[in-house]
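Both of the next two complexes hold chain A, though its partner changes from chain B to chain C.
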Partner chain A sequence: MTLVLTLKTAPPQRLDLSPLLPHLLNGKSAKEIAAIDLATTREKASVGDIFKLRAGSPEEIRFEGGSERFDAVGEGLTQGRVAVAGDVGVNAGRKMAGGELAIFGNAGPYAGSAMAGGKLEITGNAGDFLGAPREGEIHGMSGGLLVVRGNAGRRAGDRVRRGTILIEGDAGDWLASRFIAGTLVVLGRVGASPGYLMRRGTLVLAKPPELDSTFVDCGTFASSFPAVFARFLLPESRAAARLFRSHLRRFGGDMAVLGKGEIFVPA
Partner chain B sequence: MRPMIKNGVRIDETFAEAFPMRGTALLITGPNKRWARQAAVTMTGFATSVIGCGCEAGIDCEVEARDTPDGRPGVRVLVFAMSSNDLQSQLTNRVGQCVLTSPGSACFADLNAPDSLKVGSLLRYFGDGWQVSKKFGDRHFWRIPVMDGEFFCEATTGMTKAAVGGGNLLICGEDYEKTLRAAEAAIEAMNEVRDAIMPFPGGIVRSGSKVGSKYKTLHASTNDAFCPSLRGLVKTELDADIGCVLEIVIDGLTEAAVASAMRAGLAAIVRLGPRKGARRVSAGNYGGKLGPFHFRLKDLLP
Partner chain C sequence: MDGAAVSLETAAAKAARLLETAQLPVIAGLGTDVAGTRAAIRLAEKLRGAYDHLASDVLLRDIDVMRQAGRMVTTANDVRLRADCLLFIGPKLSEAWPDLAERLDLSARPRLAAEKAPRKIFWLGPGRGEAAALGATEIAASPAALPLAVAALRAAVLDRKTRSDGSSAQKLKDLAAALKAAHFGAVVWSAESLDRLTIEMIGGLVFDLNQKTRCSNLPLVSGLNAYGVVQTSGWMTGFPPRTGFGRGYPEHDTWRFDAMRMIEAGEADAALWISSYATEAPKWKRQVPLIALAQPQTRLPYAPQVRIDVGAPGRDHDAIEYSRDIATFTLAKATRASNAPQVAEVVALIDAKLAKGSEAC
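For the complex of A and B:
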């Protein structure tokens, strides 16, 4: 049975929920779990203070209720499944390497930051710097699948070097800034300067803005790549699969840097 | 050897002796059936025997467009060699020269196995720096810019060390017409078996060989015991009513696939009967001491 943590009342302070992961809770009793400290200030805030616990196998952890103060949910996740029925704060799924994290609500900035594997799905909106590195880090996301059903903020996909990001709603300015490699798909509208200083990698934009002059038109051509990825994305998003199956035009860039990246747009 | 008789066809009490090989499978797709098949035919050309060709290769089956990764018509090819290194170099050369070059082709791994061979991860260098790596889940592909668009190629494919090469049937008939008819019927049935190929021209070999030769430089020479023209001159294996012998050689990804193919071929020959087809079926072996796999004809009878 799933381990269920039901929020009692709105949290009195920002919470660090990163200790609540399947592999960290394995073998712990309900009492031990209730004693875990989630505080980020000098005031104490244990799991038992914040949540009502229903014991169960920690292979799947479910949070009933969320808050913009739920920080670092699923940070460092390696296996199993964590689900939140509600909103979360910063760093959701940061550095996760496996397993599945599902946010049934909105996520704050740095969701999926530097994630390396597994699947992160956000049914609502995501804040700025989706999948991006934190201060001082060299790379952002380096593997796995990140799906946002709503909109994403600015600089989604900053410094991503591997993995796949799918944004079904709109994306803000500087999408995929400094992109190193990987695949990023946006089905909604996109803000200014997508692919700003991208080196390699693939953006597929259903409704692109006017691209920067450092992206050059390569025209249309035949390749199995879109069809193969359409099949991969079909279980996640029918609309994304449809976009990949449509006639696509390639723009190469960002020529201000390496210039081996590409933006596909409907031809 | 005491023959068994099935529907009038004599089945020798003997076995085919086969050897372990390294095997791999690729799925080649194209813009239509014709060009998918063309790439596969070209890639598996000149691949009848490891003795002179470096590998043995053939078409396993056609794959419907809805069952291929890119939704285009495909053809599954199998390639076999005696060592991993031989198989790797043959695969690189053949995909590089025959599939990469074929209009509109793409190339996918089609064998799940613990070991792997490089395909796209070597051919990518043809892209001269413009090649693009694409990963999704645990699959890795290379996109190589070419003059008609892009060559899309999986980075690696699986390699099995449990492949079996050298399963065979010796089809003996009264005359040329009947023997060829029996061999063709066998091949038609055997083509339906998955994971197995018959690498010789159209699946049939007329120049079966024995080990050794009177000439020092040759390792193999004509199978004189089965040559009708030498009956009486050498220690012959042929009866008075046999005027022609054709052989089918089978390579399979598993021992079971080779057995299934031989079983299907035998059944087709027996069904045809001696009046229209073969009078006798035998199999080639080296006394059972060289190859670890023995396929006894009587165990494979319908």
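For the complex of A and C:
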């Protein structure tokens, strides 16, 4: 049975929920779990103070209720499943390497930051810097699948070097800035200058803005690969799969950097 | 104190009470010299609070690029003596550094250059009249068009194809040729008028030019010891401002420890505002308990619980501060020495008034 943590009242401070992962809770009693410290200030805040616990197998952890102050949910997840029925704060799914994290609400900035594997799904909106590296880090997301059903903020996909990001809603300015490699699909509208400082990688934009002049037109694209990728996307999003099966036009860039990236737009 | 005049001792004791009873106090502003910064960060550590600088937004643009992408930099002196080709990028540089032309001795030929030809000076996206005042060749670009103009310039340096054409594209090509032909180029800009990605693009442009010739960045850093605070913070905690001690050890998070955000979100429940160089006031709307260490003329947005007027470093008292002219720390002698209390003294006094049993680290 699932381990369920029900939020008692709005948290009085930002919480670090990164200790609540399946592989870390394995073999711990309910009492031991209740004693885990989640505080980020000098005031104490243990699991027992914040949540009502329903014991169960930690292979699946469910949070009933969320808050903008829930930081680092699923940070470092390697296996099993974590689900949040509500909003989360900064760093959701950061550095996760496996397993599944589902946010049934909105996520703050840096969701999926530097994630390396597994699947992160956000049903609401995501803040700025989706999948991006944090202070002083060189690489952003390096593997896995990141799905945002709502909108994403600015600089989504910053410095991503592998993996797939799918945004069903709109994306802000500077989408896929400094993109190194990987695939990013946006079904909604996109803000200014997607792919600024992009080296390699693939963006597929259903409703692109006017592209920067450092992306050169390569004409319509005929290859069987998009249809193969469409099959991979079909279980996640019918609309994305349909986009991949449509006629696409290819732009190459960012010519100011390496110029080996590509942006596909409907032909 | 609450509008009434009291002794410094009493005010400091009240400030200490306010800060130590708060759940998460924040030290903001931090407009002070090295001694003041050291005292403030020590206090933040004792209180297990957080600290932020009033110019963090600008400072971190610069720092974020440096720590994620690297950078080649030089000093104003090197540019003055060697640079045979200068490129200024972005508006308001003469506002950020008013004595720019004299400091870089732009009208003279570079003294240590191999060929003593007149300097070539360009300005990409200057403010109105700025380029002419410096005798620079102007390549117009609005602030909004600047990121793309820098990208187009870098593509031109790499001889890449782009979709831009027309007269501005030709101007950028000529500029790229001049930079490549230079023996020692210098790109002068300020984080105050550029965003992070444009700064990273400029850094990349300089890297590319260094494949064949020499070129370097000259970032005009913020004044009033803002950069000194960054360096002091660096040697004390390992991080720039926007660092917190909530868990007893320093954690750096540019989003979480933004003082403005912490206060507006109700996370920080007491603030110590420090601004001794200028009459800068806090910008937050939420009226958290406030202790202000400010210049006497400062107009605060709401009545603070404790207000202590302090002297200005380098004017009322001697101060160690970062000099951007020589890119290191110097002693600034008091120009009008007075008895006005120093930030470092006041903060140390508050520190001494903390209850003995409080969790000192």
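In this section, the second predicted complex is superposed on the first by the 267 of 267 C-alpha atoms of A that agree within 3 Å, B and C clash if a C-alpha of one lies under 4 Å from a C-alpha of the other, contacts with A are read in each partner's own complex, and residues count from 1 in each chain.
We adopt the following convention: contacts are C-beta pairs under 8 Å (C-beta built on N, C-alpha and C of every residue); 3 or more make two chains touch, one makes a residue touch a chain.
The model shown is predicted, which means the values in this text are computed figures rather than measured ones.
Asker: So if we stack both complexes on chain A, do chain B and chain C clash, or do they fit?
Answerer: Pair status: fit.
Asker: Using the touch definition from the top, say if A:23 reaches chain B (first), chain C (second), both or neither.
Answerer: So A:23 meets neither chain B nor chain C here.
Asker: State whether A:227 touches chain B only (first), chain C only (second), both chains, or neither.
Answerer: first
Asker: Look at A:54 in the shared chain and tell me whether it touches chain B only, chain C only, both, or neither; answer first, second, both or neither.
Answerer: neither
Asker: After superposition on the shared chain, which partner residues are touched by A:207: those of chain B (first), chain C (second), both, or neither?
Answerer: Neither partner.
Asker: Figure out whether A:242 sits in contact with chain B (first) or chain C (second), or with both, or with neither.
Answerer: In the superposition, A:242 touches no partner, neither chain B nor chain C.
Asker: I'd like to know which partner A:189 touches here: chain B for first, chain C for second, both or neither.
Answerer: neither
Asker: So after the superposition, what angle do chain B and chain C open up at chain A's Cα centre, nearest 10 degrees?
Answerer: 130
Asker: Name the contact category of A:164: first (chain B only), second (chain C only), both, or neither.
Answerer: First partner only.
Asker: Chain B to chain C: minimum CA distance in the overlay, Å?
Answerer: 15
Asker: Based on the A-chain superposition described above, do chain B and chain C contact any of the same residues on chain A, and if so which?
Answerer: The answer is that chain A has no such residue.
Asker: Flag every residue of chain B that touches chain A in the complex, lowest number first.
Answerer: On the chain B side, the touching residues are 29, 31, 69-72, 104, 106, 130, 132-137, 141, 143, 148-150, 152.
Asker: In their complex, what parts of chain A are in touch with chain C?
Answerer: Residue list for chain A touching chain C: 12-14, 39-43, 68-69, 71, 90, 108-110, 133-138, 159, 174, 177-178, 193, 196-197, 212-217, 254-257, 259.
Asker: Would you tell me which residues of chain C are touching chain A in their complex?
Answerer: Against chain A, the touching part of chain C is residues 23-24, 48, 64, 67-68, 147-148, 150-152, 154-155, 158, 160-164, 197, 200-201, 204, 244, 246-248, 252-256, 265, 267, 359.
Asker: Name, in rising order, each residue of chain A that touches chain B in their complex.
Answerer: Going by the criterion above, the answer is residues 143, 145, 162-164, 181, 183, 200, 202, 221-225, 227-232, 260, 262.
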